[in-house]
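Chains: A, B, C and D, in written order; residue numbering restarts at 1 for each.
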Amino acid sequence: MTSAEIKAVLEHQFPAAMVENEDLTEKQVELKGNQWLEIATFIKNDPDLSFDQLECITGYDTGEDGPLQTRYNLHSMEHRHKIEVVISHNRENPNVASIEQLWRIGDWFERETYDMFGIVYEGHRDLRRILCPDDWEGWPLRKDYEGQETYHGIVVQKMKEEEGWE
Amino acid sequence: MSKYFANIYDTVNTLWTGMRITWRHMMNIKRDNVTLQYPEERWPRPERNIGFNHDNYNVIRSRLHVDIDECIGCLKCTRACPVDCIKIDTIKAPVRGEDIPNVGHTGETSSGTKKALLVSRFTIDMSECCYCNLCTYPCPEKCIFMVGGPNGSKHPIDYEFSEFDRNNLIYQFAKLITPGQKEALQNPTPEVEA
Amino acid sequence: MTVDFLIDWFAAMGDFPVIAFLLAVIISGIPIFLIMALNAIVAVYVERKVSAFMMDRIGPMGQGPGLHAGKWGLLQTAADAVKLLVKEDTVPETSDKFLFKMAPYIIFIGAFMGMAAVPFSSVLQVADFNVGVFYIIAVGSIGVIGIVMAGWASNNKWSLYGAMRSAAQIISYEIPAGLSIIVPIMMAGTMNLQLLIQSQSGTVWGILPNWIIFNNPFTFIAFFIFFISAVAETNRTPFDIPEAESELVAGWMTEYSGFRWALFFLSEYANMFVVSGLAVAGFLGGWQSPIPGMFDSAGWELFWFMGKLILLIFVMMWFRWTFPRLRVDQLMHVCWKVFIPIAMFNIFGVGIWKLIFG
Amino acid sequence: MGIVQGDQMILNIGPQHPSTHGVLRLEVRTDGEIVSEIKPHLGYLHRCFEKHSENVTYEQVIPFTDRCDYLASMNSNFGYVVAMEELMEIKVPERVDYIRIIMGELNRIASHLLALGVYGLDIGAFTPFLYMFRDRERILDMFELTCGARLLYNYMWVGGVSHDLPKDFEKICIGFLDYFEPQIKEYNNLLTYNKIFIERTADVGVIPADVAVSYGVTGPNLRGSGVKWDVRKDEPYSIYDRFEFDIPVGEGQFGTLGDCFDRYWVRMLEISQSVKILRQALKDIPDGNVHQALPKKIRPPKGSVYRRTESPRGDLGYYIVSDGTPVPYRVKMRSPAFTALSCLDEVSRGWMISDVIAILGSLDIVLGEIDR
């Protein structure tokens, strides 16, 4: 199926969940977060769609004032078609349902996105930081992130600055 | 039962095949040996005659080198460096394209470009360099290169530049300029007026 | 040149039997230790070279006469030994220090005692027991105690795994080794190593030397079972699971360093020497010449014995650098389901054979 | 750390361990030798690839991609430039495509050789490892000849490659392939058909096809489970659609479909397929200028692209978002080893510690790519 047809199926099934977004390409579709688990279950199990492979979850920060986004690249091994689902989150309290139990790789992808953006995936059974240390502060890939100056008493030395390096 | 013995036969057979291979290699060690006794013998560095723009030079990436007399201080290499290991400070030359002998500044590059800037500092931290070669391509005078580059004939390829002190890996290429000379160059007017 | 000879000799010099006994034992202990050290130094060098040649490398070339530009790294193991002796001897803070320090000696003593009964020639043997075969098999298992002690005392999970695997492995492989060494005992009717070797003189079927391995098909199979079990008992690849470096880092030796580790190393190579010596004595005619009736003077006896022994040690190295490693359960499978049934069958077969042909 | 039952023990494999292929820590809960749970702890090699990428220009990202999958840097570069070219809609000259495929396939062989050799090492066979390293060295020599670097190449650029091939490259490469093909047979005789090796790998660590897909396992690991999926064939990028080659899939000839042996065997077969592609590419490679399509300044239009390519470890995806400036707004790397490692827990439950090492080795992970 083409992306347009997939979108049509989604619109038919979940008319309330669709969000118009002009920034997106025709391969992407933005959905509301509140129905996501239901939609995910549907597109995974529906024989016509059958998105059985979750290629990638990308966290995305639209800017210092804009919302955070999670982008899911889905692919169907059976039908060989793909779609990218975009879900926007409130910047102050970013959360969305976890799809970790549908696509098992979602476990680590969601942990990674949580680690980098602080997006909370509700229902995830083991939502911890994965790449950064457990006690790291802040969400590194957000645009308003500022690095820690000390970590466990280790001062980030600006030796080079003292020597005249910028 | 026959499977049991077939298994044992299979095991003995395949293990014996493997042992024959190692035996053969051991017997032909003179022919098969690939070890080089490093400090005494070295692998020949590959020579090739086409590089960027089909110039005649070796593409081997070893140590960065700058021909400071050619440098015009355009900062293109600094901008190209992904790890910011090149630092350049420049002073506006009093007269464009003129030699300043007391600081060893030459006014023109070998290709005839007149220098407007005097490079007072050209530092490369080789311990940070990631050997990506990106700084060498934008250089308009081809004065920064991995040794063995366009001027390979002048500078032999050198891999072995380990140091005991990390600071020795910060290479200074600019001609030494004392603070007094620097000040004089930056504020040339008072002297002229006096 | 047995220890009995020395005891008699000292006893004849005066009326102090206890002192004579002690002197004789100590004096005969020195050559054993020298042989062990020399064996380790040479075997490690050979192992390095063999492994290198099998891998298309040339192995150590530096340390030798003339230092860096020296010849073939002949002094490499000597340099290693010096390095091990001057290395810091670390004892983990949380270890059981007494056991930790004891373990290397116990393993060493096991190997050392085994060496005492190796028949180098018809006269060169430190202790000529009337139960020599049994003795070697018995003292060979002392090492297990040391290994378990080392693994337990290190207070390290990897060491513990290594020790447990090792205990299971060595105790299991004692059985096929023991069962297959019964075959030469049956053939010769003695457990004395000298008598066992003497019974293998002459020829069999006119051409082959009358070694037990060539005596009948069952003994032929028994030799291989014994040899492979011996490899397993010395913890070498493909049975090196107690120290499997890609799984258990270094197994029960993980926490050891310096001289204590050197003792483990020494014992490992000494164990290889002892089990190969037993295989040679039991199956390959010991110091008997391969061409019956020729080259059998005293010097040749030593030469033949050492030649056969070195050949077997080489085969162990050859195994090591060719094969992958088995898993614990597969190791047990091979032992209990393959070797032990065949070894049992062999004893039966040899008995029948002896009844009919012997 | 969870509650430990009386007769269970928690064992830390790594971060410093010979068989974790880098700095990976596995928190293994064991019952004797039997593994009941594995918790992988990542991040020991985290070098902030994605954060770095947001602070350097597009061409400066390429040296960082080298360092992600340091065993297949060419393929890492390849994935990035393919994604960038899709974003910028650049058509590269044909010669560049051929050069890229030659380099990518050579690097695939090199990477697989290392994977197979190290796998032998994990199982305990030392010698095949060195034989394979010996041959990998020759490939690295060819890379050195081409671009001056042996491991981290920075060779593929957006719109081209940094250097043209050296003059005699075709001859040297064909010479290597002629030398190399008989070696595969020797590896097989020495390691693959070895009964001990088969016993250690067959039936061990079975990943059923549906589990593999659900865990996002890709590349040789997925094909080892019998799924015929290869981005080079199914979503052809560059000019892979011009070449004749098969996708080897696991058959479970010595055990169950999807076991460690299948994954190993698929890699071995893929080496032959890469040789096949290389021979075709070297035969047809056209002349041309490799710098023709290099953009003066890389300033992609606003937009985003997700493109995956087939690296030796599986689907290597790049998600690149551009805001019209010369600096990327967001670069996300979907690393195949990351997804492959995530299934380790499920696959190795109930197996022994030795098998965990075997399974981990068969997944062919590169920590540089997992931690990025």
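Everything below uses one rule, namely that a contact is a pair of C-beta atoms (placed from the backbone, for glycine too) under 8 Å apart; a residue touches a chain by one contact, two chains touch by 3 or more.
Given the structure is predicted, the values throughout are model-derived calculations rather than measurements.
Distance from each chain's C-alpha mean to the overall C-alpha mean is smallest for D.
Of the two chain pairs examined here, C-D and B-C, it is C-D that is joined by more C-beta pairs in contact. In this assembly, C is the chain whose CA centroid lies farthest from the centroid of chain A.
Chain C and chain D, compared by their mean Cα positions, are separated by 45 Å. Spacing of chain B relative to chain C, judged by their CA centroids, is 55 angstrom.
Chain B and chain D, compared by their mean Cα positions, are separated by 29 Å.
Each chain gets one centre point, the mean of its Cα atoms, and the points for chain A and chain B are 41 Å apart.
Contact with two or more other chains is made by residues 54-57, 321-323 of chain C.
Touching two or more other chains at once are residues 127, 134, 190-191, 194, 196 of chain D.
Residue positions of chain B touching 2 or more other chains: 15, 18, 21-22, 34. Residues of chain C touching chain D in their complex: 51, 54-57, 157, 161, 237-238, 240-241, 244-249, 321-330. Chain B meets chain C in the complex at residues 8, 15, 18-19, 21-23, 25-26, 29, 32-35, 37, 40. Touching chain C in their complex are the following residues of chain D: 9, 11, 17-19, 33, 120-127, 130-131, 134, 190-191, 194, 196-197, 199-200, 352-355, 357.
Those residues of chain A that touch chain D in the shared complex are 25, 28, 52-56, 58-61, 71, 73, 77, 80, 84, 103-105, 107-109, 112, 116, 129-133, 140-141. Taken together, the chain D residues at the contact with chain A in this complex read 42-43, 46, 48, 50-51, 54, 210-211, 213-216, 227, 229, 234, 303-304, 306, 308, 315, 317, 319, 321, 330, 332, 334, 338-339, 342-343, 346, 371-372.
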